[in-house]
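First chain written, first letter: the chains are A, B, C, D and E, and each begins at residue 1.
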Amino acid sequence: MSFILLVEQILNGLQFGIMLFLMAAGLTLIFGVMGLINLAHGSLYMIGAFAAATVAGYTGSFVLALAAALAAAAIVGAIVELVVIRRLYDKDHLDQVLATFALILIFSEGTRWLFGSFPLFLDIPDYLSGPVTLPGGIQYPLYRLFLIVVGLLIALGLGALITKTRIGIQIRAGENDREMIAALGIDISRLYTLVFALGAGLAGIAGALVGAIQSVQVGMGEPVLILAFVVIVIGGIGSMKGALIGAILVGLTDTLGGIFLPELLKLFTDPATATSVGSSLASMAIYILMGAILIWRPTGLFGAKS
Amino acid sequence: MSLLSVSNISATYGASQALFGVDLQIAEGEVVALMGRNGMGKTTTVKCICGMLPFKGSITFSGHDLGRLPSHKAARLGLGLVPEGRRCFAGLTVYENLIAAARPGYWTHERVVELFPRLGERRNQISASLSGGEQQMLAIGRALMTNPKLLILDEATEGLAPIIKQEIWAAIARLKTEAGLSILMIDKSLKELRAICDRATIIERGRTVWRGEMAALTNDVTEKYVGV
Amino acid sequence: MIAERYLNAAILAIFFVVPAWAWWANEPFTITLMTRAAIFALAAVGLNVALGLGGLVSLGHAAFFGIGGYAMGILAFHAQTVTPVMEWPFVIEGTKSMPVIWLTAIVLSALAALVIGHLSLRTSGVYFIMITLAFGQMFFFFSISWSAYGGEDGLSIWVRNDFPGLNTLQPIQFYGLCLAILCAVLWFTSRLARSPFGLALNAARQVPQRVETVGLNATRLKLVAFVISGAITGLAGALFADLNRFVSPTMFSWQMSGEIMVFIIIGGVARLFGPVAGALVFVALEHFLGGLSDYWLVYLGALLLLIVLFGRGGLIGIVSGREKAHG
Amino acid sequence: MADPVLATHGISKSFGALKASDDVSIDLRPGEIHAIIGPNGAGKSTLIAQICGTLMPDAGSVHLLGRDVTQQSTRARAKAGLGRTFQISALAMQDTVLQNAVLGALGASGRPWRFLSPALEDADLRARAEAALERVGLQDHAATRTAELSHGQRRQLEVAVALTLEPSVFVMDEPMAGLGSEGSKRLTGFLDELRHEAPILLVEHDMDAVFTLADRISVLVYGKVIASGSIDEIQSDRQVREAYLGEDA
Amino acid sequence: ETKVGMITTLSGGGAGLGIDVRDGFLLAIKQSGRDDIEVIVEDDQRKPDVAVQLADKMVQAEQVDVLTGIIWSNLAMAVVPSVTAQGKFYLSPNAGPSALAGAGCHPNYFNVAWQNDNLHEAAGAYANSAGYSKSFILAPNYPAGQDALTGYKRFFEGELAGEIYTTLGQTDYAAEIAQIRASDADSVFFFLPGGMGIAFLKQYRDSGIDIPVVGPAFSFDQGILQAVGDAALGVVNTSQWSKDIDNPTNAAFVESFQAEYGRLPSLYASQGFDTANLLISALEKADVSNADAFRDALRAADFDSTRGDFEFGPNHHPIQTIYAREVIKEGDVYTNKLIGPALENHADAYAGDCQM
């Protein structure tokens, strides 16, 4: 394998990581900050993608589509928080799992009801499509570079919001002891609605951005959801930095594992077996990574030690 | 006119009733002791005042009926709580704990650190790893940062070294005389309460059984209700 | 409010009366449904040992369910193709005997639980949920590409396995077996909850440091609970495979883990009959709602949501009050 | 003089730049109450954590009944006869008071691997647990859920659980905290008797109790033992007055 | 009165396929004007255990005579052996796993669509005729994916520039695309059903690589093409059916399907339609209760298929012509245009293993 290809694959791994981060960012916000296991995050991601596809279909504008994704997911998020989620904060993780699992069913089938069972069309706008040539002669899709930039910007913004701003501090305080922060005069409920809407909006944006190069269809959120959970757990819950680094680790492992494991095994066995065993190992690679990291550091890379 | 007026409230935890009729009055600038044996309902009363527990009866605070207000609105009227068991925000640093709920007023971060220099030294430490006494100081500082009209101290000197207790008592005395703050105190140290409080209320099994001037609190009464 | 004891008796009665009626009325499918409910209940009772008593929220119990299933699938597959399971270092032949298969399922899933539990218990809380999920996913992806046993297509077993003295092809007889096992396991877990082990485990869930200071090993208590739990769920997996005469990687999927957990939450966590009630209701909903519309999952979702939001302590909690009374 | 049942030799522990324990050597002899006092944040709880095995010292050793237990787990130390109470109650809140006490008895029996017989019907365990509850005055609350106890009652239960272990050494971190005057008085009396069963290492800020009970007092400041001696010696120590007791003590 | 049980996927991610099979099937029944055929439709949620349970229900409670409808191979493997063993007929409108075509074939099992390898084999044959000599091939790592690559390789005569098994459900193909770019392939063959294929095609186009792509019809079917959009234009894919296959049955089917449901029919709809017509043709000759006669009637395949000539091989799998099609845009709608046959009168590779 040539050096250029290796570099390109590392870049691909990074890029896939950032893409995962886009999905994980909102989840981490809600999960880390509010202590809520939100399985329906994947549904918000889907809602964003569907909203974007619909608006893009009518207007042809990608920017409007992104705005629609953000707005639709944030609004749905706010409503869901007001109606359902706020009754779940005091409950344990189990109830949250069940309730948000129920939300998945409602959203997935509801979307199918509205939009039918077939995938929707959403494409990259012309000004972002096609490859560009990077130093070293690597041909790389412009859109993926765009994703990397957007992902990093979101990472920075969220990190600052949580650690630096007073709202961020209040939110984290509420995560520790809701009753107490309320007794100090903070309207934690309203704050949580905002955070949830923000997290949902991020999911929606991610759905639209990623939907443009993947498929926009019912159920698109669930595989992503699991990966996003893997990412934030590896990074350590509640840590924006951890989510970013976890995402990149997962991205690299997945991308490079898929390529190198079969090659590696070819050194030991015949190509057919190597390809199939290597590929199976590759599909397990991120879970092995996650298991290993948690065994080594039980609260993830950047999680608070208990 | 009284700042806080609690009249005949009752409250339950699930099926078990904890308060059966508590009365309590605090006037502006007054320091009142709430006394009683363990488990008699002192903390429960505080929870009702701060909107953390539903109750029957009426509580008014600086002219507002607290019956329907959610906890955060009640707090914004000027209730500052130092809860039993400290309840610092474990994952936040000392500094973050202090500014989390700060509201503008006399008490600023600088003033609190001046009151408790230890908090300045530990500024960036996660509060979960503070010593018990440090957490207690932090809880008081945090309540002050909201610049309350009425400070509620539930066992605020529990677990403090004598010298720090003295400091805190001194600080409370200062709050009373210099800042004119109204204070509701729950504490087991009768001697200090006597020195600092204007009036006292004693509850027994969820009922107010004695109210009056501190001076009128005779040893017979304390013997009967507090056991000393 | 009905006392939980009576409610439990009523739930158990359903498991006796409905199939008996179906047998009399010659409605074999109702018996099949009840068998499905009983097996799901068994899997959930298993998970509840870890989850309800030990506080171990495992989102990887499909691993044990699947191991049980594949134990059945592989043994029966080799018996039906008359090939040995392995020849080295010693020969193992396939078998169609249920007791042997069950024992294998229990032992293998207990072993897997020992390893997974040992590694996972280094973590806690949400991390524990996710690491168990990770182990489940490893099994899932492995089974998908394990072409020797059908990969994603799974393994079909032509005829149900044998149990000495019974004709397991008769739905009611196979059901009887499953019900007997469910009752035995329920009896066992009810004793377990009140036993010294259960008491210590219960405390280890709430305050591990306290358990340590009285000289007990909190982690080991939880590990043993996890192993017991995995073994029961593994047994359920073997029965489930036999009910369907089929195993496939879906038994390892995270949705399966989620479903087992959903049974418990619907019924009521840490209540002896919670998982049983949950599985029964879930199977009934799946069956009756399935015919309503193409979008029936919306109704299922809405119902689940109502149960979580307004039913404290699951269905059993709704009917018999809040207090947890495990045994 | 009898051999100490519990001793630390030159224990040190740092958190980053902060020395929470600085070459601490203390001991506890049969029949005595040895009080550790010191300002907040002086390192008392840290010291206890190292004695009980929840924290490993950076240097130094811990000896229990003549054996070096520095490397041993909390559990092993508990089995060897160390009974402890926590500064902040650590109890199974959803369980009844009796169940908490039975847990202690179960630990003492060392036989938790029984899966079928009901724990609360085990006569031995129950007798032991009830005896302990009776001694702290919680016998009437045996069936109460621990979450429903008041703060003070929980402190009593903490002590009761330690009692069920019938330990050879007690280590108590602020057992009086949160008790009303009456409760403290009763507990003081109780500890006074208890010392004949097993010596007590007592961390406490309640000076009334300390001055009533202690045979010996050590004062910890910034992780160091700055004074150690009888009540009178400590009370008249200028350094101690400045660092801890204040002027009116 | 004949009772037909249809178990198919109507909810969740893969519902589109099941819905099309159902709609095609019901359309044929309706057009036949027969009111003595009762069809009971149930949703398997794409879960094998649910499918098994529904099969039990169909057999035990509804006492159906014929089963049909399953989309996915793994569900078919779960259901078919047991229902045929119970003496019921099963007509497969979609899945055709090799196990059921070879050693596991059964007299009561008829496949009306294809054996799983067929379209891939045709793709290999097409690659030869297009003059490709070096292919890069990829598929997900599961049995159908392995079968796909095996099928392609069975007919493709050139060499392989690379062979990759991706993770099932994978949605990002940057790494694979980089491999393709770095290889010296002159063609790419892929089998990535559903959303995987959409993602792959979009990303492939965006990468700027212009090596031609070949694949089976599944990623270019009517229901999915609109979501792929321009990225699919010009791609050659293989299918045993296309809406422009020129015969009166097909023309009537396409028109009536559009009239009835307001959308263009898909491959799956045509398969559902053919399955129903096969059933009706057999019912006209024999009663289901006479199993042997009914089986013979099915085997005769005496119906007008939307694909033109249709006959069964000895293992009850189709012997049929498989076409190459190209994706084009008709007005606003993306659709396929026939290029020509890729494999004529093609049978499957497993028939020899079938003993019945």
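To be clear about the criterion, contacts are C-beta pairs under 8 Å (C-beta built on N, C-alpha and C of every residue); 3 or more make two chains touch, one makes a residue touch a chain.
Bear in mind that the values here come from a model prediction, so they are computed numbers and not experimental data.
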Original post:
Looking at the contacts, which chains touch subunit B and subunit C alike?
Top reply: A, D
Subject >> Far-end chain from subunit D, centres as C-alpha averages >> reply: E
Subject >> Distance from subunit D to subunit B - Cα centre to Cα centre, in angstrom >> reply: 29
Original post:
subunit B to subunit E: how many Å between their CA centres?
Top reply: 74
Original post:
So, what's the distance in Å between the C-alpha centres of subunit E and subunit C?
Top reply: 36
Subject >> Residues of subunit C touching at least two other chains >> reply: 141, 144-145, 147, 295-297
**OP:** Please set out, as single numbers or ranges, the residues of subunit B touching at least two other chains.
**Re:** none
Original post:
When you check subunit A against every other chain, which residues touch at least two of them?
Top reply: 108-109, 112, 276, 279-280, 283
**OP:** Could you please write down every pair of chains that are in touch?
**Re:** A-B, A-C, A-E, B-D, C-D, C-E
Original post:
Okay, in this complex, where on subunit A does subunit C touch?
Top reply: 31, 37, 84, 87-88, 91, 93-95, 97-99, 101-106, 108-110, 112-113, 226, 229-230, 233, 237, 276-277, 279-280, 283-284, 287-288, 290-291, 294-295, 298-300, 303, 306
Subject >> subunit A-facing residues of subunit C, complex >> reply: 51, 57, 119-120, 122-127, 129-131, 133-135, 137-138, 141-142, 144-147, 254, 258, 261-262, 264-266, 269, 295-298, 300-305, 307-309
**OP:** Using the touch definition up top, name the residues of subunit C that touch subunit E in the complex.
**Re:** 27-30, 32-33, 36, 141, 144-145, 147, 150-154, 156, 158, 171, 240, 244-246, 248, 250-251, 286, 290-291, 294-297
Subject >> Touching residues (chain side subunit A, partner subunit B) in the complex >> reply: 166, 169-170, 172-173, 175-177, 179-188, 238, 304
**OP:** Could you pull out which subunit C residues touch subunit D in their complex?
**Re:** 188, 191-192, 194-200, 202-203, 206-207, 209-217, 221, 224, 324
